[in-house]
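As written, the chains take the letters A, B, C and D, and residue 1 is the first residue of each chain.
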Amino acid sequence: MRPLVSRAHALDLLRAMVRISRFEEKCAELYSATEIRGFLHLYIGEEAVAVGVMNALTPEDAIVATYREHGHALARGIDMGRVMAEMLGRQEGVSRGRGGSMHLFDAATRFYGGNAIVGGGLPLAVGLALADKMLGRDRVTCCIFGEGAVAEGEFHESMNLAALWKLPVLFVCENNLYAMGTALDRSESQIDIHAKAANYGMPSEAIDGMDVLETEAAAQRAVAQIRVAPGPVFLEFRTYRFRAHSMFDAELYRDKAEVEHWKERGPVKTLVERLEAAELGNHDDLGAIETQVDAEIDAAVAFARAGTLEPIGDLTRFVYAEEAQNARLAVIPRVEPSA
Amino acid sequence: MNATQLKDAVLEALYSVAPEAEGEPINPGASLRDQLDIDSMDFLNFLVALKDAVGVEVPEADYAQVATLDDCVRYLTARLPAAT
Amino acid sequence: MTTITYREAMRQAIRAALQRDPRVFLMGEDVGRYGGSFAVSKGLLAEFGEERIRDTPLSESAFVGAGIGAALGGMRPIVEIMTVNFSLLALDQIVNNAATLCHMSGGQFNVPVVIRMATGGGRQLAAQHSHSLEGWYAHVPGLRVVAPATIEDAFGMLPSALEKPDPVLIFEHALLYNMKGELPDGAGPTDLDRAVIRRPGRDLTLLTYGGSLFKSLEAAATLANDGIEAEVIDLRTLRPLDDETIMGSVSRTRRVLIVDEGWKSGSISAEISARIMEQAFYDLDAPVARLCSAEVPIPYAAHLERAAIPQVENIVSYARQLVARNV
Amino acid sequence: MPSLGADMESGILIEWLVKPGDRVHRGDIVAVVETDKGAIEIEIFEDAIVAELLVAPDTEVAVGTPLARLDKVGGQPVIAAAPTPAATRTPPAQPVQVTTPVRPAPVQPTALQPVKAPPVQRPAPAPVQPAAEMRRKISPAARKHAREYGVDLDRVVGTGDGGVVTVADVEQWRGVAAAAAPAPIPPRAARPTAPETTAMRRAIAAAMSRSKREIPHYYLAHTIDLEPALRWLEGRNAARPIEQRLVYGALLLKAVARAATQVPALNGYWRDGAFVGSDTVDVGVVISLRGGGLAAPALHDVTGMDIDVLMTALKDATERARRGRLKSSELTSATITVSSLGDTGVEAVYAVIHPPQVAIVGFGAVVSRPWVVDDGLHIRRVITATLAADHRASDGHEGARFLAALARHLSNPEAL
């Protein structure tokens, strides 16, 4: 049993996870009502990984994520209203409405986006870490991907390069057992993912991705190691997504019983049970948090719906950088929705 | 030739000069030149065609007597041997 | 004025950039100890060390992606892909990351990376090592694509490219590395937006770039003997295309022959021809002509390869037919 | 019925997992729906009581169709978030004004040195175009067509936008109606009220507006005693078979040719800023086509032509104009044009010059007028002749001399 954290910290972790799951449930609702279009990949069930890993990073560290990145963006501290605005295609969104659910970007928090090409983000992360190393900056680049990416050539190339050049990269593999509709044992000859890191002489660990205390501790250990002995570390979080791969998926590839089994060990449920056992908290705390979070979500939805469409005339802006330096100023300031 | 045959011969000659007039109702009492927008050259060609058809040559002095369809039939009947 | 090779001009450009800007570094397969597959970076490792002259494993997607990431991280990387043939392994990183990030992030992240690669055939390396695919890259908004042909451009385009806030792809025709030429003293950065009239003329315009420039100039000299004055334009940039200079010439000569080592279908020559039709239609006295590689995988045997790739005599005969035609 | 994807229009409700009266909580699975991708469980986003099931199992309904009516736990009805047209759905197709990306300012361009390898001159500045000769916009198809049919493109007026000369313009100039055979003229009654804008009409419009735009017309009129000519004509016609009969129009044309020979400034073209005279008088005869529009075939070198030959040529040209069989050369070679509208009863015709010619003569109707002859008053048949001429090529004085010569020729018809 992991020694418990303080009540305050535990409630912070709980709130962080509830913000993710409730935000994504609202997204599912808005998608059914056609307010969100395109693809929508939900993270519910894996919240503990995002919260645990983001807590281990500093504001100077960088994140390169995938198209299932709402949870990471919220856990990283990106404003919920601007994330929702992006889902609704408004220019007040984090990517001016150009990226949508799969491409959330935020320069202020060094969130280098969702990437819709499986494995496409890994080389970028290696490069960001290379720059930090060459410029002598004590920063970590956290690269997040699913176990599906492990089958891509870029995984092998990036792991090798990071290890070869001892780059400060935290490789975070969210192993949720299914690459869209393909179970792990039907895509990988070696299904013990974290063991692959040994091929590159890279330290690695496999962690229970459903327990936020475990994920946080593991991430903190890995980041500390990177800062002390520069070089990449590989973490495999064993987790599970409670919902379909995306909105239009009949989940023919897995049976209900398996889903129910994993829901029994859901991250929020697990933490509340741990708090009750340690008499640090209970269901009332959860209820209070849910009420607060629902209010934040309603405000975010209101902000997003009040958002405006980027003028067609701006279509060609940023195909090439304008004054590169002040491009960041082009980020639309957060406008409080009128009461 | 009886009156009907004469009328057809006149119309035939007219259509050779103004093809688009075919199939149009022609007011037998009104001036052919106005109805069918026929100029002096067309009128001359019409009379030449009429001469080929019925063998009667209309001198310039008689132009006024062949202004309408009825006029033509009347003028030609007077100059042709009685209908056999 | 010093006489140097194209290779030497490019090496000096890299060297000058490394000296001038600490953010600049060179990365690619065998650029360090081996001295570069075309010997462009020979000696740089000894002078600048392993940190800034980085040999990479054979992982085009990873090291090109790493170059893009490092640019995001504040560096000014020069990534060398040995030849355009291997760049196909890094297409996803170039097209889906380098070209797209700035626009898709709403202007938050620009990618100031320079990617150099050799291109073109003519060395009997057969189909997989003889491609001319610069036209593909010129298709993608967000990229700049240039093709230095002269010694001065080999020296001057790199510094300009390093100043750009966006990805710049530099295509160096493999047959040019050994070419000798004059580099004026004090030569500096050269423009990346303009085509240049290398030989003014009157009767037709030869639009070309890179390795085909010198074949075109030689053809123009031959044509001059029988009174045909060909204007030869070095495009220099394939994206953006310098429509102004192209249409200016077309409106004067009224006849155009595009010489391009790429294949015809869906090529840069097709794009230029379409633009001429759209912008200078009534100035034409004959349809735009194109002389490109035969639509075949480039063969090994010398006589076959020679037949597949545009040669001087082909340019001359195409030009003569073009001048004779009128519509 | 929720939308689960942009390409999902409807779903078949297979099974209800709840019944009226059931208490449901947010996130509960309440039904199963069959879609193209298989059966998908439908969740509820409200805490409520199921009031009524609105859709029976195995019914296909469109996305957005209400499936059940809910009551709030307290009893009021719940309005579920029905799919509303979302802003993210593609906005109505406005035309996309895409500004081409502003070309980033080039690095300060240095002097571009030539390359040595094979000899290369320094890139000289582009040779300056000789006086910017406004190259006329002519489509390649039009050039090809003009060359095939020997049409002088300078004469053809372009009707495309911006004055572009198209194949249709060349066709028109050749006098060949756009279709091979002349289009059957619809019977008068069926003729469309507003004249259909045929290619011919456009060509005439373009020519006339170019004429009015470019040619400074001056106009003169002169009433001429036609009695001597008409009497001579009637005597002559009476003595010949109908096939050799003359119309007075032939005399007018001959007289115009004779007069034009004496006043050459009216016979020729205005081209590239200068008058180009013609040593023959080729008279263009305006023939109005009953279907609308006109043609002006030219009779070549009329001055010396025998009057009977002229009559035959005129008869033939009129017939071929009606049938659309005029040769292109006929339509383009007139050096002066005559427009005679006497048959319509109009007394005077002030015509518009056909570019690139420099004069056009108009004849009105023959009318009887009181006329003084040797201080006696007589009834005479007279005709009004008008001249419209290009003031760049000739002056009023020459125009007057022309009309006077015309009158003289008509006063002794036997010499024509």
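Definition applied: contacts are C-beta pairs under 8 Å (C-beta built on N, C-alpha and C of every residue); 3 or more make two chains touch, one makes a residue touch a chain.
Please read these numbers as outputs of a predicted model, since none were measured by experiment.
Here C is the chain whose Cα centre lies closest to the centre of all protein Cα atoms.
The chain pair with the larger count of C-beta pairs in contact, out of A-C and A-D, is A-C.
Centre-to-centre separation between subunit A and subunit C, using Cα means, comes to 41 Å. The mean-CA centres of subunit A and subunit B are about 99 angstrom from one another, to the nearest whole unit.
Distance between chain centres (mean CA atoms), subunit B to subunit C: 83 Å. Per-chain CA centroids place subunit A at a distance of 65 Å from subunit D. Each of residues 319-320 in subunit A touches at least two other chains. Within subunit C, the positions touching two or more other chains are listed as 141, 166.
Multi-chain contact residues of subunit D, defined as those touching 2 or more other chains: 101, 104. Under the touch rule stated earlier, the contacting chain pairs are A-C, A-D, B-D, C-D.
If you check the complex, the residues on subunit C that touch subunit D are 3, 141, 149-152, 156, 160, 163-164, 166, 179-184, 187-194, 196-200, 202, 213-214, 217-218, 221, 240, 248-249, 252, 281-284, 327. Subunit B makes touch with subunit D in their complex at residues 18-20, 23-24, 33, 37-42, 44-45, 47-48, 51, 57-61. Within the complex formed with subunit C, the residues of subunit D that make contact are 101, 103-104, 106-110, 112-121, 123-124, 126-127, 129, 135, 137-140, 143-144, 164.
If you check the complex, the residues on subunit A that touch subunit C are 62, 64, 91, 94-99, 103, 105-107, 112-113, 115, 117, 120, 122-132, 134-135, 141, 153-154, 156-158, 160-161, 164-165, 317-322, 324, 327-328, 330-332.
Chain contact summary for the complex, subunit D toward subunit B: residues 184-185, 187-189, 234, 237-238, 241-243, 245, 247-249, 290-291, 314-315, 318-319, 322, 342-343.
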